[in-house]
Each structure stands twice: as structure tokens, then as C-alpha cells.
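In the two complexes below, chain A is the common chain; its partner is chain B in one and chain C in the other.
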Partner chain A sequence: MQFKTIKEINFGLVSKKFSVEELIKDTFALINENKVLNCFISLNKENALARAKKIKVSKDSHLLSGIPIAQKDLFCTKGIKTTCGSKMLESFYPPYSSKVEEALNAAGSICIGKTNMDEFAMGSSNETSFFGNVHNPWKKGFVPGGSSGGAACSVAAGLVPAATGTDTGGSIRQPAALCGLTGIKPTYGRISRWGMIAFASSLDQAGPICRTAEDCSILLDAMTGYDSRDTTSLNLDPTNTYADLNKSYENLRIGIVDEFNVDALSKESQTLFNESLKVFESLGASIHKISLPNINQSVPTYYVIAPAECSSNLSRYDGVKFGHRSLEAEDLESLYINSRSEGFGDEVKRRILIGTYVLSAGYYDAYYKKAQQVRRLIKNDFEEAFKDVDLIVSPTSPSEAFEFGSKGTQDPTELYLEDLYTISSNLAGLPALSMPHGFVNGLPVGIQLIGNYLEESMILNFANRFQQSTDFHNAKPTFEGF
Partner chain B sequence: MSWECVIGLEAHVQLSTETKLFSRASTSFGEEPNTNVNLVDCGLPGVLPTVNKNAFYKAIRFGLAVNADINQTSLFDRKNYFYPDLPKGYQITQMELPIVSGGKVEIEIEGAKKIINLTRAHLEEDAGKSIHEGMAGTGVDLNRAGTPLLEIVSEPEISSAKEAVAYMKALHQIVTFLDVSDGNMSQGSLRCDANVSVRKKGDKELGTRTEIKNINSFRFIEKAINYEIERQIDVIESGESVTQETRLYDSIKNETRPMRSKEFANDYRYFPDPDLLPVMISDEEIEEIKAAFPEMPKDKFVRYQSEFKIPENDAQIISSSKNLATFFEECMENAKDSKLLSNLLIGDISSLLNKENIEITDSKLSTKNVSELVNLVSEGIISGKIAKTVLEETWDSGLSPIEIVESSGLKQIDDDDEIERIIDQIISEHPDQVSAYKGGKVKLFGFFVGQIMKATQGKANPASANKILKDKLDN
Partner chain C sequence: MDDQTVRTICYLSRLRLDDEKSKKILSDLDTIIEMIDSLSSTDTENISPLYNPLEETARKFNDEIKSDNNKELFLENAPESDENFFLVPKVVD
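== the complex of A and B ==
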């Protein structure tokens, strides 16, 4: 059952090659054999097996019916521990489920467990998790990317066909790229944030990580749709990207961004990028140079806005109502200080401090307000660009997966540059996908497609066509060093 | 030396919506701790706020009533601070773009009118309550957390404690008539913070101000401000200077004292709440609110005189109180004599209310009972005098006046024959007084009336008794 896609498993279930129960049992066996990867924080074994017994799949069933799915551990799952990768929520059992969990349940899929992640989704290597590092299935001791590192790892290792992720600055796309998978962050507001533990509210967006663009479209369609509980949710019907895979998008104009300065990448990366552009052309697309004049301000802008929002969003973890409460507290002040000092890790603390600073009286105008203005400019740049092109293409991340502890230990901003190509679509709220397009030093790397607002169908359609004429998505990890 | 003071008030009005500002939990008062609380109110990880439009409609109604500008696009901001009864670690409020800007409130002090300008009025959520009594540690009750408040900020244009009270009473009248709030001060539905400073008469520059937090009665507003004015003058006259600080009023000791600096020394780090999109109010919505605008005191004052023909003074008193006006109007659906009713309301009923210092809505009086009482008098079933007795019984027991009259035989004696029989009896028992009367001591007429009322326990129809007595004595 390892390495199967949603479509393949669905075929197996419909044609009665195996039952849902067999599938789920097999999945847990696989997970057990691959414990070393550390991609799950908790498993939902009993519930999943009980649910598996009840689900009968026929050809009329939803394609996700009976499909095991790994939930990132920041989607609240009623009665199932939800930690957000933090000691702060080490024993938090939410009394309710997120919209994403509700929607996937309604489609008939089975939540297998909760995946490891950077603490409160803050990180690009999964190394900030309280629950330990996650290995990249391609090479032991190498990061899977982050923050949805456990999610990407669980799919890359073939344990589950699909996982949910969230993407605030690249947290779906970068781990998908580093693990050789396809992942999409839809337009901001497509997927309800109800029950998704917030990092930076104006940037957070959920999405799927799968082996193929086709699988991504199946999962995305099930996750999207209006939810009155989230005022930032778009009042639109769910996406219809799976059906739109058959649509023909002719003569797509694809933009490459001058300012992304791909020439500065390694020779191998450049070669891969140019080869992919050739494949695009062979699919009938035309390549155009475009300029996004303010794009290089993306990283500093992001690292003002995201910490500002997180500093406020994480204020609720005060040891009073839920989450970690220090045993060392003597009074209210020390309850706050000790609970938060003990409950949060370094990266989370760093961002809370940055965010508190940029919102402080006297600094607000110089930082937060200025960052919002730049964000507006970046958005305008994209809006201008999409008058001339249909999709924008770039590498997903500057490099392939790296060794544990090799980046950001001296200077944390080194890791912040991992998000160089991905962050701008969060700032602008645009849909963007990463898919595998080759290998550097034996490790997968990804290429990113950014679309205009609500153009998820176009992106997935094009990615699907790319995957029909390439083989990168079929590569299985070598488990080097395991 | 002559001093003047400058006062600005921040009034917090609890809106009378069924549910909270950002959740669907109930706002009802006095429930068991932590029962009016849902996922959103306790700020669980992953929850999101949704806006209660009714709170906006109420705020807009207030804005229209004080001729303010309504901001059809308004924003919510977060005010960040840690407190155990603040579940999210921030309060959602409006900083940059409040729903209401400007506006004017008219007050009257000893016949002189004055306009107090408003800076703004914005929506925000209330915090919960920390409970220290009756438990080992500190308890947190989140029932109130998320209750919608309208914070109404005045310009510093109030020049005395009396004006401050008049202003708060004017606000109270507006918000109660508009059904924006129940205005119940003892439950905290209307409270205020007062910014007070003093300066030498004629000075242009403002003195250093202090802020007195959370004053919750008209009486305390006056006392707290007067205390603070005196204190500041004393400080300055003794050669020191006033410290800008937040103070609390202690109503038992009648003094203000500074709050610990930790309780207010905060940088609130306001920024727009990214969980809430700007709230848009359409022209149509504003038109609908205007169309459904409730009748205000001035209109009621005029209507009561023309429609119900009650005296100007009665109309003035009844129309100025939302509770009295509502009570009066409901009574008029059944009461047959409007003047009797208004007289009863501003007379006997008001003195009972004043005696116990309560609002009519908190008494046992119902509109059904009061209109019944009015009709008993207007139909001549009981006398005005008996009516007072019946009112007191209804006041105490809440029983219906008809039942009281029937069960205690208080019905008026209208039967002329019976009255004549009683009068004959009295005349025969008092021959001396009869002779004196007939001899010219006409003042004794009152003595006989008194005897009749005594004999009938006040139930004799006074008109009939007078007529029959006069006939008997003069013949």
C-alpha cells in the first residue's frame, strides 16, 4: 500500500482489491515500521479503525471515502490531542473540530494522526518542534522542510497518500519541494480558518500536500468553501479543480520574475529551472520576463507582519485557562512569565518579541504600518503582472534539503531566506503550488507556480499536464542512511 | 485664588443585544458563572470572532440620535494586555475607525442649556470578571466576556461635577429611549471613567489630568469628581504638582486613590484585528434604522399633551423617563382616565418609588394593576382616598386592585338610601353639633363629613354624601 496515490487507493477500494479496514491497518503498520522518521506527534488509531469498519466504498462514493489522511497538528480535532508542535499545548484536547476536519470527515476520509510541525508553524525546517526533528525520507538527518514537515514526510515516505498542511510563508510549498511532493496553498479565504490554530491570521491558509497535482485537486475541492464562522472566508462555492483538470487552458503566458534573480542559484538549479521552462513551452505555454519591483521587500515585510500578528495571537497562552501552566508560579506575574517561558520554544519567543517590538508605541508607524504599506505595493505589483501573464513561475526554495542544525543556528535570519520565493504569495493572498522538477545532490527540488486570485484550477490543470509529461513526481525516496 | 475644572467623560454603555459582540452566547445577567460562555468567549486555540450586526445597529441608532457622523466602514483593532479575565490576551475594540464620530448631547443645569460635544463612540467587547471572594484562589467568570459595549467619549467640555451628572443622565435617557441599553447602573450597564483636571480661572492651557476609573452611579460621579477637584486644588496650592495617573474612587471612604502602576502602565500595542474584515454599513441599513427610530422624550412630551390631554407638568415628568413613559403608554391601553393615571404616576407611585429608591420596572406594580386601579376610581367604584390604600396594598403584594377591593370590602357606597340612613344616624347622635351648625357655625359641616367617612371607613361616595348631608342639615 506504500506510495499509492488517492486515485490508486480509491481504485483498489472500489474494485474490492482491499477493504478500508485492511487499508487502515496496513497504514498503521507502515507508520509503525517508520517510527524513526518522527513525522507523527500522535496517532488516532482506535478511532480510525472504528471508522474504517463503517465505511463502505463504491464507485459512487466520494474519491476521499476511506482514504487515510494525516492532519497537521494545528487543526483542532475534537477529543484528539492537538499540540501545534508546542510544549504549551502538549496536553490540549480540543472540545471541537476545525472546519477542515469537519469537511474531510464529511467526504469520508479517515484522520490517521496528527503530524509533526514547527512550533506554532514558525520555522522552515521542522527543527523548532517540541516533539523533535523530522527526517527527510530521502536522507536521514536531513530536514523535510517546514513548517508542515511531518505532513510532507508522511506522504513522501508513502505512509499516507495525502496530508493537510498550512502555509503562512511557504509552509506547504517548501516542505513539498524538499520532499519531492506537490502542495498547493489556495487563495487566502478559500479554506476556512475555523479551528486552525493561528500563527499569523492575515497570512495563514490551509492546503493539501500529496504525491500528484491530481490528488491535490481532489483534496483541495473537499477543503474549500464558505464558512460563516470565519469572516475572512470567501463567500464562494467550493473549488472544482478536479473536474477542471480536463479543461484546456490554451496558450498560457508564463512570467519569470526579473527580481528573483535565478542566475544567483547554483548551476544545477538553474539548469533544472530552464529545463522545466522548456517543458512548459512544449505544453504550449509562452515564457515572458516580468518585473515585480517591490518583491525583494517580501521577506522583511513578512517578518514584521507575521510576528506582529503572532505576538497577539499567542497572548491567549497565559497558563490561566488551557495549555501549560507553570508549577513554579507564586503570583499572577510569575504565572504568566513562567508558564510562557517554559511553554514556548526559542523561535516562538523570538517572534513574539519581534512582534511586540514592532507594535509598540513609537515603533508602530516605522515598522508595522510601513510593512502594511509595502504589502500593498507587493500586491499591486502582482495585480499589474497578471494583466500580462497567466501564471508566474519560480523555484520554490533556494536550495534542496539540508542537514539538521546546518542553517540558522548562528543567525536565525539565514533560515528566513528559505521563504524568499514563497512569502510574496502569502502577502498578496495569491494561490501558489509547488511540484517536483528534478534533483540536486540526489535530493528533490520544487518549482513554484503562482496564479491570479481564485485561479486554483488553472494552476492545478497546468501542474497536472506537467506531471503527465514528466516523471519527477513518481520518484520514490531512497531512504538514504536509514 | 479662583479655580476652574475641566472634565471629559468616557461612558461605557452595555448594549442590550441578545447575544455577545463576537459570539452567539447569551448576554443575560446574573447566570451561574461560566454558563454564558462558548468556544469563542473563552478564546480557545483556533476560534474566530464573527460580528453581531445588532450591536452595530444600536450604535448607529445612538449616533443618529446625537447627530453624529456614522462611519459606514469601520474597523476593529486589538488592544493587547494580559489579565486573567481577558481570555484572548487582547480586547477587540475600535481605535482607528469607530462606528460613530462626533455628535452633541444637550444638558440642562438649573434651567440653563449647554451642549457637550462628543469625540466618538466605538464598539468593544467587555472583559470577564475575577472573583476573589468565597474561594481559595481567584476565580474567573467569563459570562460577561464579549458583551458588547459602546464607549462614548466626550470632549473635555464639562465644567463641574453637577454638569457631569447631568451629562450622564442625558446619556442614560438617550440610550434607554433608543433601546440601546437597559441603562441599569447597578448591573453595570452604564458606567464611566472621568478625566479631571483643574486650572486657574482664565488660563488657556489644561492642567495635568487624572483619570478616575469605573464609576457606576450618578451619586458617585458627583462625589468622586468633587473629591478629585478638591484634592487637585490642595496639591497645587501646597506647591506640588498633580501626577498624571489613574485613580479609583472608594465610595465607602469617599476618596480617590491611585491604582498600582502595574494595573495600568501598559503599551496596548493596538493594531487592526486581522481576524475581522472592515464592517460595512449600507445606506439602506441606515435608512432602515432611521425608519424604525423610536419616539424620543421631546416628541412624547408633545404627544402626551395633545393625545392624552394630560397636564404639561405631568407630560414633562413622565416623558423624561423611559421606564415611566413605557409604563404610562402601556397603562393607557386599558386605563379610562389619562389624567387620573398621570396624576397617580407622578404623585403616589413616584413617592413610593423614591422612598425605596427603585425603578418602576423593579417594583411589583404591573401596568394591568395600575390601569385597573385608575378605572376603579374613574368608574366611581372606589374613592381617590381608598385608591391610595389599594395602591399601597398592590405595591406590597402585587395583587390585583379589583381583588383587593372585593376581598376587603373597600367598594364605594353609592346607594343613596344607605348613605341617608348613615347620615340620619349621625345627626341623631350629635344633637349639639346640629344646633350649633344651624345657629351659624357652618364650619361644622366638615365635622359631619368626617363622621360619615369614619362610619363608612371612607367608602361613602363623597359627592352623594355631601349632597345628602347638606339637604338634611339645611332643612
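== the complex of A and C ==
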């Protein structure tokens, strides 16, 4: 069952080659054999096996019926431990489920377990998790990317066909790229944030990580749709991207961003990028140079807005109603301070402190308000660009996967630059996808497609056509060093 | 960041930094502030802030009670509780 796509598993279930119960048992056996990857924080074995016994799949069933799915440990799952990769929530059992979990359950899929992640989704290498580093299945001791590192690892290692992720500054697309997978962050508001543990509410958006664009479209369609419990949920029907995979989008105009300066990348990365552009042209697309004049301010803008929202969202963790409580408290004040100081890791503390700083009296206008003004300029640049092009293309990440501890230990901003190409679509709320397009030093790298608002169908359709003409998405990890 | 600012920010964040780690974290904060300072080079005169990417979505809804009182369920996650209450250290003498 290892390395099968949703479509392949569905075919096996419908044609009775195997039962849902056999599939789920096999999935847990695979997870057990690959424990060294550390991609799961907790498993949902008993419930999953009980649910598997009840599910019968026919040709009329939803394509996700009986499909094992790994949930990022940031989605609340009723009665299943949800830690967000933090000591703070080490023993938190949510009393309700997220909309994403409800929706995937309703489609018939089976939650296999909760995947490892950077603490509170703050990180680009999965090295900030309280539960330890996740290995990239392509090479032991190398990062899978982050923050949805466990999710990407579980799919890349072929343990599950699909996983959910969340993306605040690239946390679906960058790990998908570093693990050789396809992942999409839809338009802000497409997927309800109800029951998603908040990091930066105006940037957070859920999405799927799968082997193929086709599988991503199946999962995305099941995850999207209006939810009155999230006041930023778009009042629209669920997406219909799977049906639109067969739609014909003729003569697409694709923009390359001047300011992204692809020439500064390694020779191998440049070659791959140019070869992919040739494939795009062979699919009938035309390539155009475009300018996004304020795009180089994306990283500083993000590192004001995201920490500001994080410092506000994470103020709820005070050791009173849920989460870690310090045993060393003399009074209420020391209960707050000690619980938070013991419960949060260094990266989370750094971001809370920066967020508090930029929101504090005297600095608010210079940093917070200023960043939100630059954010509008970035959004305006995209709106202008989409008058001339249908999609924007860039590398997903500046480099391939790197060794644990090799980036950001001396200077944290070194790791922040990992998100250079992905952050701007979160600031503007635009949909964006990463798909594999080759290898550098034997490790996979990704190419990113950014679309205009609500154009998920166009993005997935084009990615699917790219994957029909190339073979990168079929590559399996070599498990080097394991 | 000078010492006084750091003390204020830590207090506002209800965080304490260990002595051994605080030097590293403070030097990291200075590096980050240096990076975000580059925003000042962008001209934003007459540009209104964009607080949410899709401005029209922050809808309101009527304040109606829709779920049952799940008191017991919510108290299950409390580090300390007593019958109907969350327990905290004594706040008045």
C-alpha cells in the first residue's frame, strides 16, 4: 500500500482488491516500521480501526471514503490529543473538532493520527517542535521543511496518501517542495479556521499535501466551504477543482517576477527553473516578465504582522483553563509567568516578544501600522500584475533540504529567508501551490504557482497538466542513511 | 533594545528569560529588529493599512446561544478545578 495515491487506493477499494480494514492495518504497520522518521506525535489507532470496520466503499462513494489521512497536530480533534508541537499543550484533549476534521470525516476519510510540526507552526524546518526533529525521508538528518514537516514526511515516506497542513508564510508549500510533494494553500477564507489553533489569524490558511495535484484537488474540494463559525470564512460553495481538472484553460499567460532574482540561485536551480518554463510553453502557456516593486519587503512585513498576531493569540495560554500549569506559582502573576516561560520554546518566545514590542506604545505606528501599509502595497502590486498574467511562477524555496542545525542557529533571520518566495501570497491572501520539478544534490525541489483570488481550479488544472508531462511527482525517496 | 525596554516587553508578554538563554534571545531580537527596520525605506504616505487580506469578510453574527452548556467537558482540560470553577492561587488575603 506504500506510496499509493488517493486515486489508486480508491480503485483498490472499489474493485475489492483489499478492504478498508486491511488498508488501515497496513497503514499502521508502515507507520510502526518507520518510527525513526518521527513524523507523528500521536496515533488514532483504536478509533481508526473501529471506523474502518464500518466503512464499505462502492463506486458511488466519495473518493475519500476509507482513505487514511494524517492530520497536522494543529487541528482540534475531539478526544484525540492535540499539542500543536508544544509542551504547553502536551496533554490537551480538545472538547470539539475543527471544521476540517468534521468535513474530512463527513467525506468518509479516516484520521490516522496527528503529525509533528514546528511549535505553534513557527518555523521552516520542523526543528522547533517540543517532540523532536522530523527527518526528511530523502536523507536522514536533513529537515523536511516546516511547519507542516510531519505532514509532508508522512506522505513522502508513502505511509499515507494525503495529509492536512496549514500555511501562514509557506508552511504547506515549503515542506511539500523539500519532500518532493504537491501542496496548495487556497485563497484566504476558502477553508474554515474553526478549530485550527491560531498563530496569525489574518495569514493562517489550511490546505492539503499529497503526491499529485489530482489528489490535492480531491482533498481541497472536501475541505472548502462556508462556515458561519469563522467570521472570515468566504460565503461561497466548496471548490469544484476536481471536476475542473478536465476543463480547458487555453493560452495561459505566466509571469516571472523580476524582483525574485532567480539568477542569484544555484546553477542547478536555475537550470531546473528554465526547463520547467519550457514545459509550461509546451503546454501552450506564454512566459512574461513582470514586476512586483514592493515584493522584497515581504519578509520584514511578515515578521512584524505574524509576531504581532501571535503575541495576541498566544496570550490565552496562561495555565488557568487548559494547557501547561507551572508547579512553582506563589500567586496568580507568577502562575502566568512561570506557566508561559516553562510551556513555550525559544522560537515562540522570540516571536511573542517581537510581537509585543511592535504593538507597544511608541512603536505601533513605526512597525505595526507601517507593515500593514506595506502589505497593501504588496497586494496592490499583485492586483496590477494579474491584469496582465493568469499565473505567477517562482521557485518555492531558495534551496533544497538542509542538515539539522545548519541554518538559523546563529542568526534567526537566515531561516526566515527560507520563506522568501512564499510569504507574499499569505500577506495578499492569494492561492498558491508547490509541485516537484527536479532534484538538486539528490534532493527534491519545488516550483510555485500563484494564482489570482479564487483561481484554485486554474492552478490545479495547470499543475495536473504539468504532472501529465513530467515524472517528478512519481519519484520515491531513497531513505538515504536510514 | 536597551535593558529597560527588554524588561518591559518581557513583563507585558508575561515571560521570563533564563539568564543563560537571555543573551542569545536578546541578540536575536536585535537582529530581527534590524531586519524589520528596513520597512522605513518604503514610502507609505496616504496608504491605508490592510489588516485582513479580504477586507469584506469580517462579518458579524447575532449573539445567540447555540450550544449546550458544556461546563464539565471544558473543565476536564483545566489543570485544577473544583466543581464549577477553575482554581488559581489565592488572589486576595
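Keep in mind that, in the parts below, the second predicted complex is superposed on the first by the 482 of 482 C-alpha atoms of A that agree within 3 Å, B and C clash if a C-alpha of one lies under 4 Å from a C-alpha of the other, contacts with A are read in each partner's own complex, and residues count from 1 in each chain.
Please note the rule applied: a contact is a pair of C-beta atoms (placed from the backbone, for glycine too) under 8 Å apart; a residue touches a chain by one contact, two chains touch by 3 or more.
Since this is a predicted model, take the numbers as computed values, not measurements.
Undergrad: Among the partners chain B and chain C, which is in contact with a greater number of residues of chain A?
TA: If we count touched residues of chain A for both partners, the winner is C.
Undergrad: State whether A:Ser312 touches chain B only (first), chain C only (second), both chains, or neither.
TA: Only chain B; A:Ser312 stays clear of chain C.
Undergrad: So in the superposed three-chain picture, is A:Phe92 touching just chain B, just chain C, both, or none of them (first/second/both/neither)?
TA: The answer is both, since A:Phe92 touches chain B and chain C.
Undergrad: Touching A:Val440, do we find chain B (first), chain C (second), both, or neither?
TA: Once the two structures are laid over each other on A, A:Val440 reaches no partner at all.
Undergrad: Would you check which partner chain A:Ala329 touches, where first means chain B only, second means chain C only, and both and neither mean what they say?
TA: Second partner only.
Undergrad: Given the touch rule stated above, what does A:Val279 touch, chain B (first), chain C (second), both, or neither?
TA: Touch status of A:Val279: no partner.
Undergrad: Is A:Ala366 touching the first partner chain B, the second partner chain C, both, or neither of them?
TA: In the superposition, A:Ala366 touches chain C alone.
Undergrad: When the two structures are overlaid on chain A, which partner does A:Ser202 contact: first (chain B), second (chain C), both, or neither?
TA: It touches chain B and chain C both.
Undergrad: Identify the residues of chain A that lie in both the chain B contact region and the chain C contact region.
TA: Touching chain B in the first complex and chain C in the second, residues 92, 95, 202, 228, 231-232, 311, 315, 318, 320-323, 332-333, 336, 356, 360 of chain A appear in both lists.
Undergrad: So in the complex, which bits of chain C are touching chain A?
TA: 1, 5, 8-10, 12-17, 21, 25, 28-29, 31-33, 35-40, 42, 44, 47-54, 57-61, 70, 73-74, 76-80, 86, 88-91
Undergrad: What part of chain A is in contact with chain B in the complex they form?
TA: Touch list, chain A to chain B: 74-76, 82, 84, 89, 92, 94-96, 98, 193-198, 200-202, 228-232, 308-309, 311-312, 314-318, 320-323, 332-333, 336, 356, 359-361, 364, 368.
Undergrad: Any idea which chain A residues touch chain C in the complex?
TA: It is residues 92-93, 95, 187-189, 202, 228, 231-234, 294, 297, 299-301, 303-304, 311, 315, 318-325, 329-338, 340-341, 344, 346, 349-350, 352-354, 356-358, 360, 366-367, 369-377, 379, 411-413, 416, 427-430, 453 of chain A that touch chain C.
Undergrad: For a test of understanding, state which residues of chain B touch chain A in their complex under the given definition.
TA: Residues in contact with chain A: 39, 42-51, 78, 80, 82, 84, 87-90, 140, 262, 267, 269-271, 274-277.
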